[in-house]
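Right after this note come the structures.
Next, two complexes with chain A in common: one pairs it with chain B, the other with chain C.
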Partner chain A sequence: MKKEHKHVKSNKKYGMVIDLDKCTGCGACMVSCMAENNVPFKADESNKLDSITWMRVYKLTNDKPYPDTEICYLPRPCQHCEGQHEGHSPCVSVCPATATDYSMETGIVSQIYTRCFGCRYCMAACPYHARYFNWWDPVWPEGMEESLNPDVSVRMRGIVEKCSFCFHRYQRAMEKAHFEDRHELEENEYQTACTQACPSGAITFGDLNNESHAVYKLKKNPNAFRLLERLGTNPKIYYVSSREWVRLAGDNYRPDEKMTAKHKPAKHAPAKQH
Partner chain B sequence: MKIDRRSFLSLGIGAGAGIALTPLPWKLADDSSIWTQMWPWTPVPARGEATYVNSACSLCPGSCGISVRKIDERAVKIEGMEGHPVNDGGVCPIGIAGLQLLYGQTRVKTPLKRVGKRGEGKWQKISWDEAISEVSSNLAELRKSGNPQSLACISGSGRYGTVSGLFQRFMTAFGSPNFMSVPSFVDGYSMALKQMHGIDSIPGFDFENSDFILSFGSGIIDGWGAPVRMFKANANMKGKIVQIEPRLSNTAAKADKWIPIKPGTEAALALGLAHVIIKKSLYNKDFISKHSFGFDDMTGTDGKKVKGFKSLVMEKYTPASVARITDTSAEMIEELAVSFAKASSPLAVCGRGKGTAQGSLDEYIAVHALNALLGRVNTKGGVWAVEQPNYISWPYPDMDKIAEKGFASARIDGAGTDEFPLAGQLAHRFVNAVADAGRKEIPVEALLIEGANPLHQFSDTKAVKKAFSKIKFIASFSSYMDDSAQFADIILPNHCYLERYEDIPAPAGLQKPVIGISRPVVAPKYNTLHSGDAIIRIAKALGDKIESSFSWDSYEACLQATFREAWSKLDSVGFLINQKYGAPGWDQFETESKLFEFISSADGAKTGRDKDEIVNIADIEGKGDKKYNLTLISYDSIRLASGSVGNTPFMIKAVADTILKENDIFVEINPKTAKDAGVKEGAKAVLTTPKGSANVRVHLFEGIVPGVIAMPRGLGHTGDDKYLSGKGVNVHDLIGPVEDPASGLDAAWGIRAKLAKA
Partner chain C sequence: MDSALIPKGVKRCSIGQFALFMGFFGAIALWGVYAMLLCWLKGLNQTNMNDYYGFALWIWADLAVIALGGGAFFSGFLKYIVGKDELKNIINYAVLIGFICYSSALLILAIDIGQPLRGWFIFWHANVHSMLTEVAFCLSCYFGVLTIEYIPLILENRQADKVPFFHKLSHNMHENMAIFAATGAFLSFFHQGSLGGVSGVLFGRPFGYREGLFIWPWTFFLYTWSAAAYGPCFTVLVTKITEKVTGKKLVKDNVIELLLKISGWMLFTYIIAKIIDTWYWASVTAPAAGFSLIDFYSNNPFYGIWILLLEIVIGGIVPALILITEKGRKNKFAMALAIILAVIGVCINRWVMVLQVMAVPVMTFDSWVMYFPSWQEIATTILPVAYGVLLIGISYRYLPIFPQEIELNPIEEDTVADKDAEGDVVVGENLVEATEEG
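The block that comes next holds the complex of A and B.
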């Protein structure tokens, strides 16, 4: 007897709302991400161009002279862009090896390490610098490989890696759900490592399409914005800031450039990034 | 068959087309990408059963509960423990990265005895029996020569806990009063509480119930107190936070208002605010009239008029004069004082940065007096004098004649003597007493270092090194090859904090009495021994009455016996908390007057204070020297571990490239200051202070008072591994202690400095 396999069309779209008013720049998200995802480390990590940080916290300043200076921290995971139509993320559409893919089930942009042959086209296409290339073989000094997480494969030289929204945690949660004969997850069953670690509760993660998830409401905050929205990348990371200069910094307008009505401030002050 | 050109070509093209139509080329390309990635040196983490073990983190005085994910016997991730009274599921980056200490390259794997010169790094592996007898025979010499007091101990384990308790007990039974803990703002604040409340207590701050926090430089979200608790309190804060600090720290950036101030003048500002509050009659009259002493002028027993707090503040701390001292404005002071006083539950806090410096007593008194003025002491949403943990009820150690005589001698650091009666410990005086001693009169012949890294943590590292060089025998109990262990004669490595039991009481700054318990998450990986067991074994090896003071078979037996019936609850739940503990109230003052004392009712000699002054703002070193036109201050960041352990590889990765570039440390200066010094962003420069000089790079930052240089604390390690060692400069190399004349505390908050192009 053949069991009828019913395909349940999932309309999930996982995303985040990061409250920049709450973020203190402590870096717990960065470290938690590294520990969870077996991110490698080298003797010198001060060149941030080759330092692999799936989650990176940027420091923004309003660049006003003392004492009117202000600082804002901005955590940047992969933005898991949806693109103009579902799945048309900048990186996915350029990958010649189908090593990065858009999941129609969850909206997560994946990175399949064994398929990647390191052309780095995706890195060039990503406007958020969210992708990193393994220029060297990762080395865990003797004994340190003990803390590696078996749920995440260790990457090797010559391939690109990035934030996966801790997809292995989704798999783990789904496995458990299936075992209990469920097809849907509770909101708290699947949370990323950075969300869990944030001591200030600045990161909220969930299904942007699910009305009962916190992110659904939070993203509608009038102070919510996304990074480089005008590029049409349609990212799934929303940021909230009560400060106008921070919201403006999200779209990188040149001082001589005209702004859309939505972003037009009384007087433009470009933000500096460190 | 004859192969002509035509058939050769058609066969070739045909074969090519045929192969191209098969999946072969694609399969080969795919395989080659797979096989070129399967290198034997790329580890494949083993699968296994996933479990969680609850424990407590002892990497800082915050004492968070942690929940460690394990795969079989491997610990793979540290997360915050849900429901823990300190951190309730939250965790800080240092805590998360803790597994890199457990499995890291810096572990001392077996007892080591120095064979080369000190600090040379040549070691001989020895057995535990040899290690214990080496230490005990060296120490026995001191008692034989009748100088047990020449043994000293620096402890970094949680104060009031059993590990530091055992070391302290060992010192007593041995016959030496020279036990000290690593300096903390708690030293200074407790002293202020002793003077003003009359009780031995520790400060607890009820942030969660306050609606206006006025912070005098405390790094509320930079690692002060119990960091994760502070992050949470900050995130859930319904009211206002105002940060007074010369640099736009993360705390200042997140606060509702940042008040840049001339460094070191915080106490004056607190009294300026008090002036306005008194002038506008905004103080708590009920508290002042019924529960305080020394607010108004009094007549002494000798008939002389003694000025009260009110007169002293009204005379000397007018907004105009305070504005001059602090480089702020009189309007700001008036405005701030009024909004602070009118808040329903205001709370002033102090202890700079992470609170790892002692600070001057005056500052604590000034800030605490400001709290008292509004009746914010021992009350909901205010600052409490929390009882010291006192669950250790071991019988007093047996002491023989030698021990009694040695123990009765004065402490080397002068704490508790007539000169500094309120001080518990004065590390910098200890260091100087040894460093400055002549060859024949060195007061310390042996030193035990437990859970601390004084060669990195103490200020003026040059003096610390000089002092340590004079000490004949140094035993380190460190789990890691840190700066101080490198300089020891023998290392008796402790289990890593994730491999051992240890009670961790009194999380810093918490208003509720909490005792956490570190539980072994994994079995000890190396040939290490719990320091509690090590000191018990040393005591037993020494024999005499010392042995009889340590009757426990093991540390674990001691720990269980200490907690008696509460042990099983502590071990299973992970913490003990007195939920009923509330604000102590206004009838809990044990001063001579049984009131809160603005001015001490005891005689001046006893408290060592001059009654005509409320604060003596201590000068910093190099003041008045024209050579030094700038001021160097240190700053703290939660991304830089600066306690007994330094940054792990993950932590160093999270450090910004405006703090560390390759091995160069950046100092922050205002662009205006940079212009005067002729340096540009990223430029190399030489920073010189009276204590030494260092090569640095310059980072221009608008968020700092002109004329001030800020250097991050926690870098410049000599020990440890390639991920940390040799990176940056230890700010303690450049800043030395400044003694607060009233209390003996190290009041240093900076030093005069100069910056020159390299």
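The block that comes next holds the complex of A and C.
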């Protein structure tokens, strides 16, 4: 029963570096993610509190009056948190049915749709709101079933889903590699749909531990930060921004520590999402 | 008509009145059942929960009823382990209330999960590191214990008791009750604690997260403590309501006072621990995550600092101070006030530890989200209350729940149970016939 949890130690740690200076907020990543992963949608998607967006682009503002107003778009996939010790993600640690798993091989947090029974404890645990519940059974517009991705199972009502880093693409790439008697993947062999769809090249995906992968260097950018690092979630999505207010918006700071914060801003006003 | 089933030596209302009473609460229960079926058949889109409120009214109801049902394990612990023998006069009722609370919690959980048919996965694919797994295991086991504790009571029904096998079975079960009570207390210490752990371990949610001892956050201990403190208050509150409705005194004052005295001291020590916990969380744990206390209580239309004060001062310190003084316990009004405030206090604690945890934005560019339950959620939450009233109604009528009832309410003849009550009685106000001497 527990065989699948045999911890395969590997040094791979897939993650992303998202350059917020490049993101234009076009939403191509969201669209490609929905199409790639058969994400269900409703006829009316205006209520964002119960619609599913594995990748969601937030709009941040520095909340300053014109002419100092600035905005920033921030794409937010699942952060594939590693936690303080490997695999202690906020969500994985709480799931009572082991229906969400931390892969020791890739660092990817996966969701086992057929095992999840919909208690939503993982949603309560995730501070990034990266998890979504299927409040309805998926309904596809007529004919759309034909164009669903055959590599990704559709989900039923009553269970939780979230970004998988297009894990099926990893599986496909690994299959090919094994067939060719290789054990390692080239950087371009496994890329997520959003990375490939981003027209401005804001998203870079790869193995954060692999020196030959672009993300390895990009994450060391002095302007790189992660969301809510202080909570100890240890996410694998890095963001880069040359603007201090954006970097500061990545975490919470008390008023008394604003001046000593790592990314000390000249004059900081809290970022707001609109 | 049903006098043969009514315990000897006690007086009950007419069957007609009883049927009216049952019909009224039965109708409410049916409304709940209808809502429950809607949720099961159509899914959780029947609720007002959403991706920000994955945990909402139902989880609160679960935590609250389990805390309130804590009177069963704690009075069992006091009677059988500590040896407070007087509590034998209220233990049956505490067990019945506990049974209702726990069966309600299991029912609500069954409605709350998105895939009820997969509910057993929690046992089959158990993740031993999850607090919810511990809750599921201990809760189910303890419900088993409560059932075992309730069965001998059922067997004491006048007719059931005539069957020699049942008579002996109930006698033997009574003999061994200490073992079950001890098991129940042990299991309760764990599941009450793990329920506290549910929010305490959420290190991604600074409002709920607490540091702790080894794998247990402080809320683990606080929940067990608070269930032991507040649970008996609820047992007494329900007893007092039952006395009001039946118009009879059912438990002697010394028993109530003893239970409330212990409960009061538990409450007093709990609230000190809770204040220390809150202070440490507000000055060390939350600031380490970049939050000041006021961040959790401002910029939103509902959650102000008032809720913290209501929980700790009005629902904690005040009832504790009343209950630890003899004067407070002996004064009817003060005592009633104390137990009502205590019940409110614990319900608010459970509320904030579920709902406010969900409401507080964690990402700086996120915002507070408010929630109001749908009628289906409300109906399914009222369902257990109606079910509880029904079960209490049946149990009170047909089982010797209160050992002191006969002594406290002597009657000349035991045939009066059939006699019609005089005058019209408003259903819901008068469960059973109001005897003059009540």
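By our rule, the second predicted complex is superposed on the first by the 252 of 274 C-alpha atoms of A that agree within 3 Å, B and C clash if a C-alpha of one lies under 4 Å from a C-alpha of the other, contacts with A are read in each partner's own complex, and residues count from 1 in each chain.
Quick note on the criterion: a contact is a pair of C-beta atoms (placed from the backbone, for glycine too) under 8 Å apart; a residue touches a chain by one contact, two chains touch by 3 or more.
Everything numeric here is computed off the predicted structure, so don't read it as measured data.
When the shared chain is aligned, chain C comes close enough to touch A:Ala249, but chain B does not.
With both structures placed on the common chain, the touch criterion links A:Arg182 to neither chain B nor chain C. Contacts of A:Arg120 after superposition on the shared chain: chain C is touched, whereas chain B is not. Within the superposed three-chain model, A:Lys220 lies out of touch with both chain B and chain C [touch as defined at top].
Legend: residue contacts after superposition of the two complexes on their common chain; A:Asp137 is shown touching both chain B and chain C.
Residue contacts after overlaying the shared chain place A:Ile159 against chain B and chain C alike.
On chain A, the surface patch touched by chain B in one complex and by chain C in the other comprises residues 47, 97, 115-117, 137, 156-159.
Chain A contributes residues 1, 47, 49-50, 58, 60, 74, 90, 93-99, 115-121, 123-129, 131-137, 156-160, 227-228, 230-233, 248-255, 257, 270-273 to its touches with chain C in the complex. The touching residues of chain A, counted against chain B in their complex, run 22, 24-28, 30-32, 34-36, 38-39, 41, 43-48, 51, 53, 57, 59, 61, 63-67, 69-73, 97, 113-117, 137-141, 143-150, 154, 156-159, 193, 196-202, 274. If you check the complex, the residues on chain B that touch chain A are 30, 33-34, 36-37, 39, 41-48, 71, 74-80, 87, 89-93, 96-97, 99-100, 102-105, 221, 227-228, 231-232, 234-235, 248, 250, 253-254, 258, 260, 525, 638-639, 649-658, 660-662, 670-672, 701-706, 721-723. Within the complex formed with chain A, the chain C residues making contact are 43-45, 49-52, 54-55, 112-116, 118-119, 121-122, 124-127, 129-133, 136, 198-199, 201-206, 287-292, 295, 357-358, 362-367, 369.
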